[in-house]
Structure formats: C-alpha cells, structure tokens
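Each structure below appears as structure tokens.
Here come two complexes built around subunit A, the first alongside subunit B, the second alongside subunit C.
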Partner chain A sequence: MQRLPWIPILIILTIFAMAIFAPLLAPHDPIDQTLKDKLLPPFWFEGGSTKYILGTDAFGRDILSRLIYGARVSLLVALLALTVGGGVGLTIGIVAGYLGGTIETILMRLVDAAFTFPAILFALLLSVTLGQGLGTLVIAISLLLWASFARIIRGEVLALKQRDFVALAKVRGCSTLRIMATHILPNVLNTFLVLVTLNIGVVIIAEASLSFLGAGIPPPTPTWGLMVSEGRGRIADAWWVALIPGIAITLLVLSVNLFGDWLRDRLDPRLRQL
Partner chain B sequence: MGRFIVRRLLHGLVLLFMVATVVFVLGRLTGNPVDLMLPEDATAEDRTRLIKSLGLDGPMHTQFLVFIGNALQGDLGTSIRMRQPAVDLFFSRLPNTLVIIPWAILLAMVVGIPLGVVAALNRGNMLDRGAGTIAVLGIATPNFWLGIVLIFVFSVELGWLPSGRMGGPEHYVLPVITLGTFLTAGFMRLTRSSMLDVLESEFVKLARIKGLSETVVIWKHCLRNAMIPLLTLWGVFVGNLITGAIVTETVFAWPGVGRLTYEAVIYRDFPLLQAVIILKSILILSINLLVDILYAYVDPRIRLS
Partner chain C sequence: MSDEPLLRVEGLKKHYRVTKGVLFSRTLGHVKAVDGVSFTLRAGETVGLVGESGCGKTTTSKLILNLEAPTEGEVLLDGKPIHDLDGAELIAFRAKVQAVFQDPWSSLNPRMTVGRTIAESLIVNGWTQERIKARVSDLLVQVGLRAEQATQYPHEFSGGQRQRIALAAALASHPKLIVLDEPISALDVSIRAQMMNLLKDIQAEQNVAYLLVAHDLATVRHMADHTVVMYLGKIVEQGPTESLFRDVRHPYTKALFSAVLEARPGAAADEIELKGEVPSPLNPPGGCRFHPRCPFAFDRCSHDEPDLREVSPGHNVACHLYDAVETGKTSDAVRATSPAS
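Take a look at the complex of A and B:
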C-alpha cells in the first residue's frame, strides 16, 4: 500500500482554504484597477514591490488577490459539475445496468454517442446560445462527465445484480426502486467516489479552457483560465500575468490527480486502466 | 464486410441526425434564433427575409425540416461576421488543421509508445518513475497554458522558434508539441499498463521458450498486442485532438478550423458555430468509420460480432 500522498493533500487543502477565506486572505480587491501600478512584476524581481507579491496585470489588478478569488470559481464549478454530471451518470448507470432490456440499449447508445462527440463543442455552443454564466458552465461540463460515469457504474451494477443479496431482496418483495436505492447504490458508492476524484482534474481543466476561450464565467469575475487568456498578449513584457495562474491550475490538477490515483488504489484497484 | 460497412454508416448517420437535432434545439432555447443569426445593424426587412428563408414563420416541425433540408443541400447558414457561407469558411480553413494533427499523432506515437514500453520493462525503478512523472505532468498541464509557456521560453527568451502563424517547418514545432503533449502522455500510460498485462501472458512465455531474442519478443510480440487498447480508444483521441486544436490554434494564431471555432465563440457568430459543430461531427464520424473499417479488416472478430 502506498503511503498517504501528503504533499498533494496539503496543496489541495491550501487551495480550498484560499477559496473559502478569499475575502480575508486577499490583500487587495480582485477587481479594483490601479492603473498607475499596472504590469508590476512579482516582488522578488526588479521593480516589483511587496505591496503586490505576485505582481499586477495590465489593469493594475493584484494577481495574488485574483488568484485567491479565482480558486473559488474553479472549486465551485468542480463541485457543481461533479454533483450534476456525476449524479446523472450514476443514476443512468444504475438504471441501465439494473433494468436492462430496451432501456439499457437506448441509454448505452446515448453514452456511446456522447463519447463520440467532444462535449467541449456543445459547451461552446451553449455559451453562445444561453449566454455565459455559472449555470451554462455547469451544464456544459456536466455533459462532459455523465457518459463516463454511466458506463463504468453500469458495468459495476451488471456484476452486482447477480449477487445473492439482490435476489434475496427480490424474494422479500422489495420494489425495483428500493433495490436500486438501498441495495445497489451503496455498493457502487466507492467506485463513484473514485470516479469523482479522478474527474476533478478533468473538470478544472475544462473550466479553465472554456474561460480561456471566452465561454466561461464572464469578466470581471477572476478565473484562472481568464487570467491566462488576459496575459497571453503580454507574454513578451509581462510573463507573470499569464504564467502564474497556469502554475496554479497545473498544481491543483496535479495534486487532485495524484490524490485520485491513491484513492483508486485504496478503494477500487480494478479501475486502474483509466 | 459490405454489410458491416453499411451498418456502421447507418449508425453514423443516426448519430449525425442526433447532433443536428441538438444544435437545432439549442438554437431555439432562447427564443427566435434569428436574433442570434443577424448582425446588429440588420433592418426589420432583413429579419423578415431571414425568417421566411429559414421557414421560421412555420411550426416547429416544419422549421426542423427546412433546417435539415438546407443542411442536406450543403447550406449551413452564413457567418454573421464574415458574411460568407459557413461551409465555405470551414473548408477553406480545414487543410491548415489537417496539416498539424498528423504530426501531433506522430509525436505521441514516437515518444509515448516507446516510453511506455521502457517504463513497463523497468517497472518500479527510477526509469519507470521518471516516465510516470512526465506523463502525470503532461496530463495535468492545460494545453493552452503549455502553448504560452513554450512561446515564452522558445520564442521570447531564446528566440529559437516563431511564436505563431503558419509558415515553414519551424512554425510547426511549438503547435505540434502543444497539441501532442496530452496525447503523448495518454499513449505512454496506456502502453505501459497494457504492456504489463501482455508481458504476463502465455504466448510471451512461449516466444521466450522458443528462444526468440528478447528484442523480438518485446517489440514485436508484446507491443503488437499491447496496441489493442490504444486502437479501441482512438475515438476518444480523435475528439481530444479536435478540441485540442481549438486551443492550440488560438494560442498560435494558426488559421485552421480550431481558430475558426474560437472566433465564432468570441464574436457570438451563431450560424458559423453551428455549422462548425455539424461539420466537425461529420469529420469525426468519417474518421471513426474509416478506422472502424480498418480495424474490422485487421481483426475479423469485430466484423462478425
């Protein structure tokens, strides 16, 4: 058994704390523009000041403060999208796996179709038709998730429903709904939990990519993807504006992935192929 | 084989119909799609004319028939910003995307697969850990940011490579690395895990007992079989490349269909975006169909099942 990945856990907890206590931790307002202080480098470089530890962007906004507030968006979107997308996938997986028959065929065809078409395309379309916003973003990213959840959970359920305790529940006269909710569901929760953890990174990258492409939470709300996008044109004279938020994204995704790998090996090693 | 192809083709057409339906429905979620399709300076007459030509004065099912009918005739609407048929715009940009995608795949094959094999052979030691770390980093790094980092290092600081736009071979290096990194990491991980499975199998033992050299056993017998999971996942890889191209082309100002998609999003060019999505879907389905046929040709079990 591998030991607890304490460095990733520490990083995740730090970013969580940043998100929750953002108003207390941020040294400046993340949206306030101080144009005379624009494009200042991080403090350890020449011309930087300890007033703006990680420097400022083209509008003179404090990068550290924007980074701290940006963590809120990343984690909030991850939480909501995993609840919605994961929940839909879990339900469809259980229903398809347990009921079987035509319902299963139809649902699994839908899953196959969802695998064929990149959900990002539909996410972009949604942002144009519904307008940018938290709701649109959550729906869009849920589209990206549900199918892989449904496919794996269904596989688990197919094996579970052959087990004696399910037969026993049937004999005792439990309704189908009751069996699914009280006998099948608790037995796929481990897998579900592992899937959720393994997909946090996917969601964070998707959110950042959509923000970068102008289809995320609209400005001026600071998000990490938007910060990279805003700094892109300034890479020659102010590299920190684009590079620092990217480090934050990579660090967070790396940490949750390493933690997810560990959790998978602990709870459900059969998912190793993923 | 003929029946297999027909079945696959029909399957693809059904999926395409589903995509068209979703696009149609999404365009109508927020009311009249004409408002998404007209430039801001359009007059009331323009509006009425467009409503007429798209059949939007009719009931929903007629509208859908008109939409599908137009699409079948190759009319997917007109770009608001560029005032050109969306289909023409897509096909004029497509070659520029098709010239980088194969290089990204090649990069992933040339780097990812051998690294995966080496990692599997050195399971648990430094080499395996090193390759594993690279793969984990490759998966965790968002490619839009990777592209910017590469520009910063190789264009701004070192001045070795151009930072964008199309041109000679040196213009390809950074976009191909940006687009191919995720795939390379994925190939590596997948090759490693399936190599580990294959190395345990009976036919490998037999090959060794037969006295074949270790090189032949590993790179011929094992690798061939370890490639199967890679083949079954190509659908996911194709999708990944198509979406990866949006970000990569945006970062490197590369005039392909990915950049076109980005432009459609930021300028809220709905007709262009819906056309791009339908055409990309056709592209993905065609590639999938082609690989399916190839796959069935190579492995008879597929076409019989």
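Take a look at the complex of A and C:
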C-alpha cells in the first residue's frame, strides 16, 4: 500500500485554492497592460522586480496574476469536459458492452466514426456556429474524449460480463439496469478514474490548442494554454512567458496522475489494508 | 408427495448456429449442445447430471436457470413453462430457482460486501432493511460463518468460505431448487466433504431440491437420489443412483466408471478404455452418437439412433445392446463387463 501522496495533494489543493480565491490572491489585474514594464523577467533575475514576482509578458501583464486567474479557466474546462465527455463515454461503453448485439454494433461504429473525425476542425466549426466561449470549448473537448472512454470501458465490460457473478445476479432476479449499475459500473470505476486522470493533461493541452487557434476562450481572458501559446514565439529571449505556465501545467498533470494512481489502489478492495 | 414433479424437462434442445463471415455471414451448421433431454426432479430430491466436458451439462443447467432460451422443448417448474415468463412472474421464478457455480473466485462481485451479495435477491424482492439484515445474519451462521462477516469483501475469504457465501446467497430467497454446477470441484480435497455435508444438511432441513452438475462420480453417488448420464447432448442412461451404480448398463457409463481410480488396486478387472476424442457436436456421428468409440458397437449402431428404454424400474438406457432384453435374449458381451457392486 502506497502512502498518501502528500505533495501531489498539496499541489492540487494549491491550484484549486488559486482558482477559487483568484481575486484575493492576484497582486495585479490579469488583463491590465503596462507596456513600459513589458517582458520583465522573474524577480530573482537581473532586471526583474519584486513588483512582478514571476515577470511580465509582451503586453506588460503580470504573469503571476494571469497564472492565478488562468487556473480558474483551465480547471473549469477540465472538470466540465471530463464530466461530460467521460460520462458519455462511460455510459456508452457500459451499455454497448453489456447489451451487445445490434446496439453494440451501432454504438461502436459511432465510436469509430468519432475517431476518424478531426476534432480540431469540428471545434473550429463549433466556434463559428455557436460563438467562442466556455460552452463551445467544453462541447468540443467532450467530443474529442468520449470515444476513447467508450472504447476502453466497453472492452473492460466485455471481460467483466463473462464473470459468474454477473450471471448469478441475473439468477437472483436483478434487472439489466440494476446489473449495469451495481455489478458492472463499480467494477469499471477504477479504469474510468485512471482514464480521467490520464486525460486531464489531454484536456488542458486541447484547451490550449483551441484557445491558440482562436476557437477557445477569447483573449485577453487568461488560460494556461493560451499563456503558453502567447509566449511560444519568444521562447529564446523571454523564456519565462511560456515556461512558467508550462511548469504549472506539468505540475498539475503530474500531481493529478500521482493522485490518480494512489486513488486507484485505494479503491481496489483487494489492495486495501485493514 | 403430489404427482407433479417440481421440475420437468421435456425434449429440451439447444442448438447454436455456427457462422462464417462478418457482413454476409452464412451458417456452417449447428452445434447441438443439448439435443432432446428429458427428466424430472421432485421436491427435496437431488438429481446428478454427469458426463465429460462438452456433453451439454452446463448448457442444460443454463436452460433450466432461464439464462438462455431453448431451441426446442420446455422446462416446467411446478407445471408452468419457465421460458415465457416475464415481469413479476419472472421475479417469482428467480426467487424459486437459484444457483451455485463452480468457480468461487468469479462468482462473487469483488466490489460488493458479502452481506450485500447475499441480500441481492431479497432487495430485488422488496424486503425491508431490518428483515434483510436479520436474514443475512441467519444465512451466514447457517453456512458456518459469523454474522459480523457480512461487512467484509470477498477477497478476505478463502475458496471454501467463498463457496459457502455463494450458497448462502442462493439460499436467501428460500428457493425450491438450486442448480449446483460443479459446486465442489474447484475446492481443496480437504474441504469437499465439508461442503457436501453442508449441502445435505441444508437439504434435509429445508426440503430444497438440487440439480447437481458434476463430472465426479463419487460426488454424485454421495449426493444424488437419481443420476442422469449425458453424452454429446443426449441422455444415454438414467436411473435411481443406487440401482444405476450397482448395475451400470450403457457402455459409455461403464467407461466413465472404469476411469475412476479404485480404492483397491487390481480390483477392477474388466476395464473399458475409451479411444479417441469426443466427436465434434457440430457434426455428431450418425446413429448412436457413441458408436465410433464404443467397444460393443455393431452394424445397427451406426445408422439407427437408440431410444431410452427401461431395463429395470426407473432405470433407462439408450443402447441397442438392450434391444435384446425386450425380446428375451441377453447380450453376453454386456453382462460380462458389468462391474461387481
């Protein structure tokens, strides 16, 4: 049994706290431009100032403040997209895998179709038709996610329904819905959880790509992905503009993954220590 | 006891279509897993179903449990056909017919407490929480576990304990019939007797009937009142366990018996050793299905399928060797190989 992963939990909590208490924590307005202070390095480097602890970007905006406010958008998008996309994928995977037959064939062909569809293109189409914003972003990323969730969960269900306890549940008189809810779902939750933690990175990167292409949250609202994209062109002379939000993304994704690993073990009754 | 048996299986057939190709599939043939099986089971009685792997024992039990629909034939419980039940009637049927399967490692949901697993049929039948709790405690004690173990998970138990939990779950709804599909063959030899005695005690107390599917003859002899021997989807011999074990008639049954190791080496003088594999049920041999492997086969066996005929009260055999019995002649070849009881 692994120990409680204190450091990842601390990092995740810090980022959540940053998102929730952003207006209280941010030293500056995240969209306030001070052009005379543009591209200042973090304070511990030559030319840096304690006024802007993590430096400023090309428009003279405080990176720390943008990072704090950006956590809001990134976490919200990740949470919503994983709930919607993951939830749809989980449901379709269980239904297709357990019911089988024609329903399975139809659902799995839909999954195949979703895989062949260029998600970025679809997101661009959505942003044109629905307009840019949080809703469009969540829908676009959910469409990117659900198919892989559905395919993996279905595979798990196929193996699971061969187990005797599923047949016995039927013998006991359980309805199909009850079997799916009480016997199948709890046994694929592990896989689902691991998929969620693995996909947080994908979602944050997807949000970044879409924001960069102009299909995501419109600037100047800060998001981590957008900040990396904005700093990308100046990586040689002002590396901190892209690197600092990059480190934030890495820390969040890594922490969530480590936490997910621990949670997976914790939820498995076979590995639980008593 | 009334005349109507608890369970009546009539001309039961289950054929699986074998196809080739995905989009434009064509039927290659049918696997006749069960092909015309009939027997009855009375309340509080045990019927043993024996035969080697692939003879249709498990398919028969799945049909009786209403987990699969038969191709032909009927299963009647208390005189009512079970395969067209639905809604409340189906739930009532499920409460009456329960099962314990072979593998104790796969028959309990790893994410459900043992108490919840045992309570499952009671929850479905709408029992109240307090009644369920009391019943689960009773059942755990009845199968030799402690009431407070209800909150534990399956991985905390050994194979033998798991099998007893599975039995407790099967008993919960006061069933009239429990299908025991190889209930002890996955257990350690040391705890098999324990499990068998537990099953017999419960039967004596609650008058529950068992359909015991097994390949182990000793288990069947110990447990069953009536024995049914299957080969390639058909019944080849059936009768009261005592008379069948004393006077084995069908060459296949004899072969099964001679495959059992004797307690006294050298005692089994007339052994029948079967050659070859069980033929594919996709393309079973014509005539008697056993004839390619039967040491006593003669002309008629290869083109004429034998029917079950009574050779002594309640004892039926499907074999042409006993056609002679009817006409008064006794086949010497068969008599010579009858094992001494």
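We adopt the following convention: the second predicted complex is superposed on the first by the 196 of 274 C-alpha atoms of A that agree within 3 Å, B and C clash if a C-alpha of one lies under 4 Å from a C-alpha of the other, contacts with A are read in each partner's own complex, and residues count from 1 in each chain.
Note that contacts are C-beta pairs under 8 Å (C-beta built on N, C-alpha and C of every residue); 3 or more make two chains touch, one makes a residue touch a chain.
All figures in this text were calculated on a predicted structure; none of them were measured in a lab.
Legend: residue contacts after superposition of the two complexes on their common chain; A:Pro8 is shown touching neither subunit B nor subunit C. Of the two partner chains placed by the overlay, neither subunit B nor subunit C lies in contact with A:Gly55. Common to the subunit B-facing and subunit C-facing surfaces of subunit A is no residue whatsoever. Residues of subunit A touching subunit C in their complex: 163-165, 167-175, 178, 182-183, 186-187, 269-270, 274. By the touch rule above, subunit B contacts subunit A in their complex via residues 15, 18-19, 22-23, 26-27, 29-30, 36, 136-137, 139-145, 148-149, 151-152, 156, 193, 229, 235-236, 239-240, 242-243, 246-247, 250-251, 261-262, 264-266, 268, 270, 273-274, 276-277, 280-281, 284-285, 288. Of all residues in subunit C, only 65, 67, 90-91, 94-95, 97-99, 101-103, 106-112, 117, 120-121, 124-125, 153, 155-156, 166, 169, 173 touch subunit A in the complex they form. Residues 113, 115-118, 120-122, 124-131, 201, 205, 208-209, 212-215, 225, 228-229, 231-232, 235-236, 239, 242-243, 246, 249-250, 253-254, 257-258, 272-273 of subunit A are the ones that touch subunit B when the two sit in their complex.
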